[in-house]
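One chain, chain A, appears in both complexes that follow, with chain B as partner in the first and chain C in the second.
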Partner chain A sequence: MFNSLKNSLFWPTIFGAILISLWYGSIALFAIPEYQLPPLHRIAEAGFEERNILLSGAGQTLIACLIGFFTSVFGGVVLSVLLASNPWAYKGVYPYILILKMTPVIVLAPIVILWAGQGLVSITIITFLICFFPIVVNTTMGLRSTDPGLVDLFKVYNGNSWQELLWLRLPAALPFFMTGLRVAAALTPIGALYGDTVAGMGSSDEAGLGFVVMIFSAQFKVPALFAAAFTACSIGFMFVGLVNLFSWWVLHKWHDAYLGDE
Partner chain B sequence: MPIWEMNKLSRIKLVSLLIAALFISACSESEPPVEIESDGPPLIPVILQTDWYAQPEHAGFYQAQELGFYEEAGFDVTIRPGANMTNVPQMVATKRVQFAVGTSDNLLMAVSRGIPLAAVFPYFQHDPQCVMVHKESGITDLKQLDGKTVMIGPGTGYVQYMQKTLGIRLQIVPLDYSLTRFLANKAFIQQCFLTNEPFYAQKNGVNAHTIPLSTSGFDPYRLIYTNGDYAKDNPELVEKFVEATRRGWEDYANGDGAAAHAAIAALNSQHTDESMNWSKNAMTQHKLIAGDEEKGEFLGRFDRQRIERMISQLGELDMLDGTIDVDKAFPLGFAD
Partner chain C sequence: MENPAKSSPIIPDPFLTLSQVRKSFDGEVDVLKSLDMDISDGDFIGLIGPSGCGKSTVLKLIAGLIPPTSGTIEFSEQNLAEHLAYVFQDATLLPWKTVRDNVALPLQLKGVGEQARHNAANKFIELVGLNHAADLYPRELSGGMKMRVSIARALCVEPRLLLLDEPFGALDEMTRDILNEELLTLREATGWTAMFVTHSVSEAVFLSSKVIVLKPNPGEITECIDIPLDFPRTAATREDPVFVEMVVKVTKALRSVHVKGSD
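Up next is the complex of A and B:
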């Protein structure tokens, strides 16, 4: 096990070292000033100096991510069940979901704010709009892809459609749902951060990361800006990591994708 | 024929051609057009980067351009509008543009962070930033904004200063550069220019009241600035440009500004004669361009005391990153 851990760390480390040398190399070679591309140690310094505002910003953004994510999941699953339960519902409603998906969130955001006001509600709605589609698409596909042989088996044992949904379709759709979940997890930080820049609210020390980025930008604090970007990135990683962990926990005992690894 | 049926040499040629085309299109930053005058020396191409779409708050520049003051001074000026751009100081620092529009507080902040900028001419003695409220809200003083939701630029000098000096806390909402929420909600408060948004608010039937942000004691200049090295190496060029700009603003302030208004309306259909004349009157009413004569202010004057006060105010707010060489940042000196 440690061998494979070593292996999976080795190449990223090598590549990381190359990237760092490229970073410092280009700064030296092209005499890039700090306000264009700060050296990594300056970014770390700035990150440390601004750690309070970065941590509180990260916390606020994480809360927005979580609320937005769980709302998307809940709403997405409910929507998928509704769509999958009736072929006519599917044919009728799905095109409108597509239209909603195709309208860029940047265009929808001002409308959302106009109706829902400033603050967490709007940020959650914006995050929902960005995340719900992968969940709906994948879960619906999963619900509709149940092995027809098993569906017949249920009918043979006189299962009603509720039992079929609960004990057959939903568990069978779990792997598809997990895929959608992972995609949504990657999109959630984007939604929360973008939502912050339009629907965010607060005095400087209650701000989410998107807001913090705007403040640093207004004050020309370029190393701090980079530090905020890295913080946002790590939130994204944490989020996706958590969801991947959850996905592993639910599926690893029985799904081929996980069993095959051993 | 399709690329996979070509022979190797033709494929290499095609791909290199495509890459070259890509490089050429990427590299051609729109350089200002070089115009060769048939009579007299060639005009020096110069880009003046503004901070919004064409508007009467930039009228002096358009006046100077339309009436040929820049040409007389030997410049072919391109006035480039630019909305919501956050990297203008960097553009000036890397000499992608020669001059840009800004405010003295942001300039001083940038200079303190090592960005080599030099302020050359204040075209407004006072920044027209203000907050706009509905008269019905009863708010007449900045202190009353405590705890209220205000749409204003987060982290900016005047916000930080206002909160610290007046001991208030604002619930800040990011700017969306529109009036929709203000018009829809009587309790809504937003940042705007004394010379612009109130006109449109009144037009839409709202009884708007403005409070200049300078009443907090934070009173930046609105100015044009250039690259510090450019100013050091070409002082006569910079002075000539500034002189032509001053003529433009003087002409605009003392006349009817028709030439500038025509140019602005042609570039930005949002502005009509009615709105631009209203703006011009607001500039006069609030003594923006030439300032307060009684305080010794006049068009184009940098007061060293005001600059040093701004530096200490910014220092109190922890927004500076080191000391500022005032004479280097203001190479044309301080007129008295």
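Up next is the complex of A and C:
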């Protein structure tokens, strides 16, 4: 475990060092002003100076992420079970889910705000609109592709349809669901940040990271803007990391993808 | 429970009767055309025939997985259908359950409590010699071990009728021979009537009290060959002249339908 961690950190560290030298080198070489590309230490300084607004923004965004994510997971799974449980629901409803997905969220957002007003409810809905699709697509696929041999097995031993759903279809769909979950986890911060920029609240203790970015941008605080970008990035990493950990925890004992991982 | 494995297959009362069973899928060509079959208590029926003769379909019909297009399938006693177990072509184990929980699955579906079903599962896991593997997951097992688990799972319902659909088809010959011998030993210990679908003549002769040869397009019984070899049979049975004679006889029957068949 430790060795593999060491191995997986080696090349990223090398490339990181190259990237940082290029960063500083090009600033020095081409005399790039700070308002275009601030040096890294200035970004760190700005991040420290603005830590209060950044942290509270990150906190707000994190709350929006969690609510949006869990709403998507819950809604996505319920929808998937409905879609997979009868063929006419799948045929009838799926095209409309596609229509909803194909309509850009940028277009939908003003309508959402019109209905739900500024604030967390709208941000949650916008996050949901961005995140639920990969969960629905993957979970439905998983629920519909249960091994027919296993379905026969449940029939031979007179399993009822609830037992078939709970003990066969849902666990068999887990690896698919986890794939959807990972994609959704990567999209969640995007949804929350975008939602914040269009539906966020301006007052300082309610502003999410998206709103903070707009403030810094308006004030031309470029190093702080970069610091906000790094903060958003780390939220995304944390989110995806937690979901990967969860996926490992659920699947590692029996799924082939984690074979030799113990 | 009495032990039907020990009794001779001459017992006249039918256990399961198929009369004029016909099966066609989507109204297309018949897969099975007018099948008549009497299975007696204690029989070990080997079903053999070229691909497309509907061997597996016969088992699916008996298990109630698919309905016959016409004809009837009758059990001599009402509750016999509930004492039926099925061993599939693949091991069909749930990958997220341990060996023990896989074996206990049929009991779990019947609503048996965890302790009781684990006790039952342990007994059959021991019987197939997988004590050491009870807590492993299927991905950690070899093909032969998976098949053993699958058989233990079938035995866990204490079946009167066991349907086996080419269970050892994917295994190497050595493993298959050993599992054949083990299967007969298990039958001595637990006692059930069997229908066994296979492609292998020697497997059919070794296991069966009666080999039924099917022809394809549409599936029909062409020959019913009694195997006059005493149970219990062991590895030495394969060297018995009667065994060899029977292999030749079944092979000939099979070859004649193969020539008539389209491939």
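Going forward, the second predicted complex is superposed on the first by the 257 of 262 C-alpha atoms of A that agree within 3 Å, B and C clash if a C-alpha of one lies under 4 Å from a C-alpha of the other, contacts with A are read in each partner's own complex, and residues count from 1 in each chain.
As a convention for this text, a residue touches a chain if its C-beta (ideal position, glycine included) is under 8 Å from a C-beta of that chain, and two chains touch if they have at least 3 such contacts.
The model shown is predicted, which means the values in this text are computed figures rather than measured ones.
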Would you sort A:216 into first (chain B), second (chain C), both or neither based on which partner it touches?
first
Looking at the overlay, does A:168 come into contact with chain B only (first), chain C only (second), both, or neither?
second
Classify the contacts of A:103 with the two partner chains as first (chain B alone), second (chain C alone), both, or neither.
neither
For A:85, using the defined touch cut-off, is the partner it touches chain B, chain C, both, or neither? Pick first, second, both or neither.
neither
Go through the superposed model and pick first if A:154 touches only chain B, second if only chain C, both, or neither.
second
Touching partner for A:253 - first (chain B), second (chain C), both, neither:
second
Residue ranges of chain C touching chain A (in the complex, touch as defined):
60, 63-65, 82, 84-86, 88-90, 92, 94-97, 105-106, 108-110, 137-139, 157
Partner chain A, residues of chain B touching it in the complex
86, 89-90, 93-94, 106, 109-110, 113-115, 149, 153-156, 160, 163, 169-174, 176, 178, 180-181, 184, 319
For the chain A and chain B complex, residues of the former touching the latter:
33-36, 110, 113-114, 118, 197-204, 207, 211, 214-222
Touching chain C in the complex, chain A uses residues 147, 149-150, 152-159, 163, 167-168, 171, 174, 253-256, 259
